[in-house]
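Each of the next two complexes has subunit A plus one more chain, namely subunit B in the first and subunit C in the second.
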Partner chain A sequence: MGFWKHIRPRFVWSSAASFRYTFCLGGLSFLAFIVLALTGLLLMFHYEPGSGSFNSILTIHSYIPFGDIIRSLHYWAGQIMVLTVTLHMLRVIWTKSYKPPRELNWIVGISLLILTLFLDFTGFLLRASQESTSAGTIAHNLVTLIPGVGLDLAYMIFGESTSPGTSSLKVYVFHCVFLPLSVFFLQGYHFWKIRKDGGVKPL
Partner chain B sequence: MKPFIKASKSTTRVPIQSLMTLEKIATLGFLLFCLILALLSPAPIERGPEAPPLEHTAAPWIFWPIQTLLLVLPAWLAGLVIPILVVLTLMGLPWLNKVSLPFRFKLGTFFVTLILVSLLVLMLISISVLR
Partner chain C sequence: MKQDDQTFIEAPSSTGWTRRKFLQLGTKSGSLAIMASALISVWPITRYLSSRPSLGPSVLKVKEEAFPPNQWMQIPSSRVWLLKDERGYTALLATCTHLGCEVKLHSDNLWHCPCHGSIYDEEGRPRSGPALKALPRLAMTRDSEDTLTINLNKTVGMDVRIL
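Up next is the complex of A and B:
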């Protein structure tokens, strides 16, 4: 059976259509991701990574038509996605829906949670404020603590150290390309596997 | 091949249209909720490079647990070892599930309670340390 027929079969278990069992948390997370992708794409037209990043945010907020609303939608969809993904994980634990044969999909789900947290954090770094620069320095220093590869890994992720007002091009690429694409493909697999493993009914 | 789910009186198959209706209602409600939030509470703009320097900074709310741990434990333990152990424990749940607990809690209830209590304790520590 093809990918689409797995995602959208003609019939589903009645439990899959029950709001009270899943609270639509997985679906809401995906919806938040779609809102983030669309608003993020619009923000990319005006956001400048590098030395002009903080000023470009001020421009988006103050001068670009509907810029403040699009940025606020991006911000709130990001906060909501972290919340819904976390609640979704708690719901899965509560109903023990990670049990065999769903081990692999559970690991994919945890990976999606971690990627969502990284997306949120890199987004915070791109604000290029004093607060985000401090957070970036702390994260950079934590990565350097990894024995052996720490320094190289920190350079790969964060690039050169930044000062308030500037953002790293590497973090920008991670936030706009690598992380969203990883989340997108893993989500596709996650949804396909849910249907393949028998829907959302607990085993 | 045997189905993973045995059909019971409460488990029947329904046309996907009923699920799609639910999804459409949830989509509209979600978009409306996001728009109201965006209009009522715009995304914050923090301190720029020309503002007076910060004396201390707070992490975004999703990283409060790690910030709290960093305040009370060595950085290598709070920022690397504990988060990695938490992730590995979560990933290992399907296999840990086979372990029987010596008390009457169910494993799902136990883990959800453990996560919520840990977050509550970290929040209390954070309040007492930052005060």
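Up next is the complex of A and C:
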């Protein structure tokens, strides 16, 4: 239970409690993540991966009661999360918080940034619009260029190349299960490690 | 203010507010706001989850020529079977009246339900098994010279025929 003991520290440095030291960017990213998890879970009840995906989004957006609000919340929380996570990284550079003893948490944070970008991209692919299927084709072909494993890897991630209006079941599983769970557990470690490394007090 | 009520000593503040009081109020109103938003989300989320986007067609249109006489013929990709006898056309819905599984006409000229073993005779009257009611017949209208329209939401008696 070291997690809960470290997440509520005995004391916090007053300088670390200052709003202007962190701008709450990490916390805002976590809030966006919670909104994304809740709205994403709701969207899974009506979204159809595969050939019906573009139509199912149209149905969610224009027919299902409150579907437009839930989808818009998911979309905008996603946009905001990419923004706040990036700004959070810039803040960490600005306050030099990547320095010892926090190198490991910096690496974890970079992993979280990459995972967030992958979540954003796979979410974009699941829209199955003409634009996003083109992006999917490009990403698929980029992965194929990796010598040796490229073709297998591309099939593992994207499945068969898709036509407009169609989304890949594999991308759906990555977006809804694998990536969010990885982010969830890495986030837990990230928060715990902040306290373990001595809060957010300046060096 | 009574002295013995105070359990700790706060730093004096010109407004009467302390950081502790402020944070306690913040925690309380924050939890209240979360509970209130959870409460008002119940109705929208219920509506969202219970919405059915596709109800399916409520009528079937059939070309007359495809059906030979005195023989139940299934309309492809539907549960509707058509029979043409000397009195005219009748349409049967092959849904078991027990719990709704799809029944099939077997080579013994009986309708068998795969789920709980209900058996109906050729006309759709229950013979054995848990089903007590006959297989429903559907209302039909003649659209044009060679097209029949079957209403999937309206049943008629077993003896009704359409010419």
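Keep this in mind: the second predicted complex is superposed on the first by the 201 of 203 C-alpha atoms of A that agree within 3 Å, B and C clash if a C-alpha of one lies under 4 Å from a C-alpha of the other, contacts with A are read in each partner's own complex, and residues count from 1 in each chain.
Rule of thumb we're sticking to: a residue touches a chain if its C-beta (ideal position, glycine included) is under 8 Å from a C-beta of that chain, and two chains touch if they have at least 3 such contacts.
In this text, all values refer to a predicted model and were calculated from it rather than measured experimentally.
S.K.: Touching A:Tyr63 in the superposition: subunit B (first), subunit C (second), both, neither?
M.R.: second
S.K.: Touch check for A:Leu181: first (subunit B), second (subunit C), both, or neither?
M.R.: neither
S.K.: Between subunit B and subunit C, pick out the one touching the greater number of residues of subunit A.
M.R.: The larger set of subunit A residues in touch belongs to B.
S.K.: Just subunit B (first), just subunit C (second), both, or neither: which does A:Phe121 touch?
M.R.: So A:Phe121 only meets subunit B here.
S.K.: Determine, under the contact definition given at the top, whether A:Ser72 touches first (subunit B), second (subunit C), both, or neither.
M.R.: The answer is first: A:Ser72 touches subunit B but not subunit C.
S.K.: Check whether A:Leu145 is in contact with subunit B, with subunit C, with both or with neither, and answer first, second, both or neither.
M.R.: First partner only, subunit B.
S.K.: Quick one: classify A:Met44 as touching subunit B (first), subunit C (second), both or neither.
M.R.: After superposing on A, A:Met44 lies clear of both subunit B and subunit C.
S.K.: For A:Met156, using the defined touch cut-off, is the partner it touches subunit B, subunit C, both, or neither? Pick first, second, both or neither.
M.R.: It touches nothing on subunit B or subunit C.
S.K.: Which parts of subunit A are touched by subunit B and by subunit C alike?
M.R.: Touching subunit B in the first complex and subunit C in the second, residues 69 of subunit A appear in both lists.
S.K.: Enumerate the contact residues on subunit A facing subunit B in the complex.
M.R.: Interface residues on subunit A, with respect to subunit B: 8-17, 19, 24, 27-28, 31-32, 35, 54, 57-58, 61, 68-69, 71-77, 80, 82, 89-90, 93-96, 98-103, 106-107, 110, 114, 117, 120-121, 124, 127, 129-132, 134-135, 138, 141-142, 145-146, 163-166, 197-199, 201, 203.
S.K.: Touching residues of subunit B toward subunit A in the complex: what are they?
M.R.: Contacts found on subunit B: 3-5, 10-16, 18-19, 22-23, 26-27, 30-31, 34-35, 37-39, 41-51, 53-54, 57-60, 62-63, 70, 75-76, 79-80, 87, 90-91, 93-95, 97, 106-109, 111-112, 115.
S.K.: Any idea which subunit C residues touch subunit A in the complex?
M.R.: By the definition above, subunit C touches subunit A via 44-45, 47-49, 51, 53.
S.K.: Quick one: in the complex, what on subunit A touches subunit C?
M.R.: Interface residues on subunit A, with respect to subunit C: 42, 45-46, 56, 59, 63-67, 69-70.
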